[in-house]
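So that you can tell them apart, the chains are marked A, B, C and D in the order they are listed, and the count of residues begins at 1 in each.
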Amino acid sequence: MKIGIIGATGYGGLELIRFLHNHKEMSELHLFTSSEEGVSFSHKFGHLTHIVDHTLQKIDDEQLAKLDVVFTSTPAGVASKIMPTLLHTGPKLIDLSGDFRLKDRQLYTQWYKKEAADEKALAQSVYGLSEWNANKIKVAPLIANPGCYPTATLLSVLPLIKEGLIDATQLIIDAKSGYSGAGNKPSQTTHFSEANEGFSIYKVNEHQHIPEIEQSIAQFTDVTTTITFNTHLVPMTRGILTTAYAPLVGSATEQSLVHCLQQVYANHPFVRVITDATTVNTARVKGSNYCDILVRVDQRTNRATIICAIDNLVKGAAGQAIQNMNIQFGLPETTGLDVVPLFI
Amino acid sequence: MKIGIIGATGYGGLELIRFLHNHKEMSELHLFTSSEEGVSFSHKFGHLTHIVDHTLQKIDDEQLAKLDVVFTSTPAGVASKIMPTLLHTGPKLIDLSGDFRLKDRQLYTQWYKKEAADEKALAQSVYGLSEWNANKIKVAPLIANPGCYPTATLLSVLPLIKEGLIDATQLIIDAKSGYSGAGNKPSQTTHFSEANEGFSIYKVNEHQHIPEIEQSIAQFTDVTTTITFNTHLVPMTRGILTTAYAPLVGSATEQSLVHCLQQVYANHPFVRVITDATTVNTARVKGSNYCDILVRVDQRTNRATIICAIDNLVKGAAGQAIQNMNIQFGLPETTGLDVVPLFI
Amino acid sequence: MKIGIIGATGYGGLELIRFLHNHKEMSELHLFTSSEEGVSFSHKFGHLTHIVDHTLQKIDDEQLAKLDVVFTSTPAGVASKIMPTLLHTGPKLIDLSGDFRLKDRQLYTQWYKKEAADEKALAQSVYGLSEWNANKIKVAPLIANPGCYPTATLLSVLPLIKEGLIDATQLIIDAKSGYSGAGNKPSQTTHFSEANEGFSIYKVNEHQHIPEIEQSIAQFTDVTTTITFNTHLVPMTRGILTTAYAPLVGSATEQSLVHCLQQVYANHPFVRVITDATTVNTARVKGSNYCDILVRVDQRTNRATIICAIDNLVKGAAGQAIQNMNIQFGLPETTGLDVVPLFI
Amino acid sequence: MKIGIIGATGYGGLELIRFLHNHKEMSELHLFTSSEEGVSFSHKFGHLTHIVDHTLQKIDDEQLAKLDVVFTSTPAGVASKIMPTLLHTGPKLIDLSGDFRLKDRQLYTQWYKKEAADEKALAQSVYGLSEWNANKIKVAPLIANPGCYPTATLLSVLPLIKEGLIDATQLIIDAKSGYSGAGNKPSQTTHFSEANEGFSIYKVNEHQHIPEIEQSIAQFTDVTTTITFNTHLVPMTRGILTTAYAPLVGSATEQSLVHCLQQVYANHPFVRVITDATTVNTARVKGSNYCDILVRVDQRTNRATIICAIDNLVKGAAGQAIQNMNIQFGLPETTGLDVVPLFI
């Protein structure tokens, strides 16, 4: 497989490179850039010295058309300009940004404050939540790879909503992320001395992943809901942990919730239903494509607490993107992704 | 004022010492221990060399009776054994542990898995939430200093519940704390290599501060409620941030919530009602007795998001304890506590 | 005392404010800016809300002349333009930058790549190493406050060189600093995700503090030497630890070195000669003006290892600046600086 | 290949497991314990759930004899008791502890305060510095895998000493390590709240890796020297950076030093001679077996500064151990180790 990455210098791109390096089906890797043509990649990223000594190439539709897969890992508003012209020219397309996730173009403009993608391209894109949409992913020309927060949220609550065990209309999700989610662009917020040793909330009730979660709940469970969703910054680099709260429905119990999760994910190698609360920790999935889910019921309030831990750069971005590529090409989902989490 | 600390070697004790060092009314400081009699305090804690070169004294009721104030900063189940015999022997008593917080002795045993304090002593203890209970604190012989999580939670939600602006019966609090809240005793959980770069949940729905919060909501607002409350560990040393969620009641708006908080805390120097979401960050209160509160309303769901940031060791422990001492002795609340947060 | 700060928005400036807030002789504080006139200081720095609600003033020589002290905490090349016109107009002047430290103007230009300060002003400036230069500091109109690395290095090696116990001609200093030393300006190097969990060397053999250390060794000990000096970045916010290596001279022993240090610093409250190696840790001086020194002799090589820990923003910047102000005004050196290190 | 690990629960053991999981020649993995027989490994280490669900086996010489390789990753004094009886029973032996590194048994006892290994077994052990000792490693029945600090130090200074470019008799090494080097046993020193945000020196001039470095310099360069060597703790989990200082010899220049390193390591895939100082950072080798070396000459003092960065758990322990196993079995050195460093 000949693989191209547009936006390789971002953290999503770097993680794609890290995993593709060990993907046995990759024959060629091409790195594209809009602004740094000719730059040596390992000169820019010293950790890749002697490993990925590629030169950054100019984005060129003819070159791209010769590839089998093209990933875009670009800021909002970029992939929507690149992908439509590449559609059906040859390569499978996988966009890691939010440009093709929201089917409602007005919603995109409202939350992203940018123009939405072309309607026809959007209509052909498939939401790449690997464990829930594999049949469509297999045949899709263009994958909208899920956001980091939606991945953690959806994988942990979808089975329970679909099975009617929790009340999605009262769903509250309190999410926490390491700083790598903020990307590689320096700012006062991400300045080490000001980020270190502080915990903060950001975009209170206004994160652009909110409509993505609501759309996906509707898509996969037929339940329409308006959620409360908040995001916090943790002084660490990698990891997302979401804590979701929802009332139980009817006679649901902790046992029935756990059982539901175990059934749904029985044959999905990257989702682990955890029963020991002490092991739900972003460190347990660090550097890997695993997604750890724990559910507990508070009998005092009859509410479920649903916790999910992922590595935001892996299952929340590059890892799931490669998982989707594997699905598209009929490869085992774990190809190139079967690594042990770092833990320490 | 002659001041004694029992349990000075814990983090609460160390913070008492740090602030008392600059408390202009303190004339004598005595450090007591049950197990390390004769040990040089600055030998044990190098950072105190030439500053607090005291020798640890054996706990001795006669010595203690000569003091003006005695703080206990001890593990659960210790102060309940020490304080009753000191009651009315002379010194004002301030307990930083949970031993005198729960008025219902059965509740204490249920959540702390220990025998509750003596009923008579318990009856005379007053809950030391400085901004809400000053009149009782003034005359109390024994203060039950609030827990760290309850302090952040209560200061931010009490005004809104009391004013009838939010529905406390659907209150969900998602709390996050730095590792200093776990105390100074090494364990696998607090081992640097395993704590660093990981975010985790702990004691899911089972934290012993739950009944303390419920009791205080009832005490200060006359509303009875069962809350959902969860706690997470942040890989940093100091700081608690609580994110509380509750539906608005009637015609309440973001403006009315903000106004309510501003009114209630207008004359309370340590509580800051914040309106700029980007400054609600535990780093902004680090090392200080400040408590920063932000409230936002999500109009999509008509729920309030109420955020509170404190330093768990200061406003959540030693700082509030000294604030209570100041109240007991008729001093300005800020005496010895008027320091600028570190921020960086 | 009426005090002004030019460059209050940097980390040195913020620390000046933090300590001056508790300086009992300060009657007025004025914050000056070259570019943010009219900006509310606490709006910019949320942690100062209700504490320092000053408005940033335009730099104005007339206003400055009315003050008792003016601190400049500005990037290299700025104070050299401001201070000369303020000299002898009224206020005592204390510059925290490197602009007045090097007496040799060519050396300044060589290491700082900027034009050196005016020769006359430079001639009147006094190097503010408080423990070594108090007599001159007392009467100086302009203090060149020492750099962070030179402070740690000089305080620990000067006594031993002066007493002829170590061979300064073979002095090697390996220094390590937290990120706050890099200032408040975001960059790729200080971007949290890239700084966190990495330890690196920078400016190999090229740090501009090298000539400052050599000049001061000559000034205070009459020994001329060329040192090897390197600097590293530690993924933490505050703290410098220097490890210096030098051969013993003649019959010097560990005992004689320790004794020398103890004698020299016997009456200096902020310098602590440590004998227990386990307590030499930047955390033990965090947030304080203390300087901890440990010396050990390796009998296998007959070399001394001399370690020094300071808080780079306090003893290495704002704390020592205030200490110098105290000396200038005949106040006890500890005024406003007598705080307990945070440790945790 | 059937592979056994004794001491799998330590950090060295966990890293062996992480890399062996992707080692294509491994057919069986057995985990042995002296005290936790029957314990489920993934129950103990949640991050290995569904990945390494092995049960810990009792150490049993008969079982061990059936294996192709046995690693010991045990505290000092344990492997010296286990390995001699396994010698020549079948498996190749690789010890990650210090038990077989020092050929002089008295030296071992002096620095480790324990009884040295059996003389005969010791005589057959080969020091596993992969890039320098491959010919002997190939045929050795027992590998003494190098210590983390010696690996970084030796790889960076050996070529320069051997080539006669630097004066090893005046060699000073200032080393810095993340906390994972301290192992997995909780203590006050490694307690998160006390380790975090502090930088410290430890074992001043007394680290047990000193004789290992001196012995290896003698072994590989025929130069006898007594070094000064110190170790510091960095508040991060992984990584060692060593900064070595030595005078140049004769007409050596920075160019000749760089050239020497490049020549020596031209065909060694894991050693990267770096010329851009800004990329020498432990983060650039994190999680990988790479070893990055930079050399700079200070013309003012005619001394070389030689910097080396490795991941202490990989090239400094488990990675090099697997590299040695690959050498023993005639596999490419990179088998199972060809991963991209994490960087972020």
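In the analysis below, contacts are C-beta pairs under 8 Å (C-beta built on N, C-alpha and C of every residue); 3 or more make two chains touch, one makes a residue touch a chain.
Source: prediction; values computed, not measured.
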Graph separation of subunit B and subunit C (steps between touching chains): 1
Chain separated most widely from subunit D, comparing mean CA positions: B
Between A-B and A-C, the pair with more C-beta contacts: A-B
Rounded Å distance, subunit A centre to subunit B centre (Cα mean): 38
Distance from the mean Cα position of subunit C to that of subunit A, given in whole angstrom: 46
Multi-chain contact sites of subunit B, meaning residues that touch two or more partners: 11, 178, 180, 193-194, 196-197, 235-238, 278, 280-281, 283-284, 286, 343-344
Subunit B-touching residues of subunit C, taken from the complex the two chains share: 11, 14, 17-18, 21-22, 43, 45-52, 180, 197, 237-238, 269, 272, 274, 276, 278-281, 283-287, 292, 313, 338-344
In the complex with subunit B, residue positions of subunit D that touch it: 11, 178-180, 182, 184-188, 190-197, 235-237
Complex contact set, residues of subunit B against subunit A: 172, 174, 176, 178, 189, 193-194, 196-202, 204-205, 226-228, 230, 232, 234-239, 241, 243, 245, 277-278, 280-284, 286, 294, 296-298, 300-301, 303, 305, 307, 309, 343-344
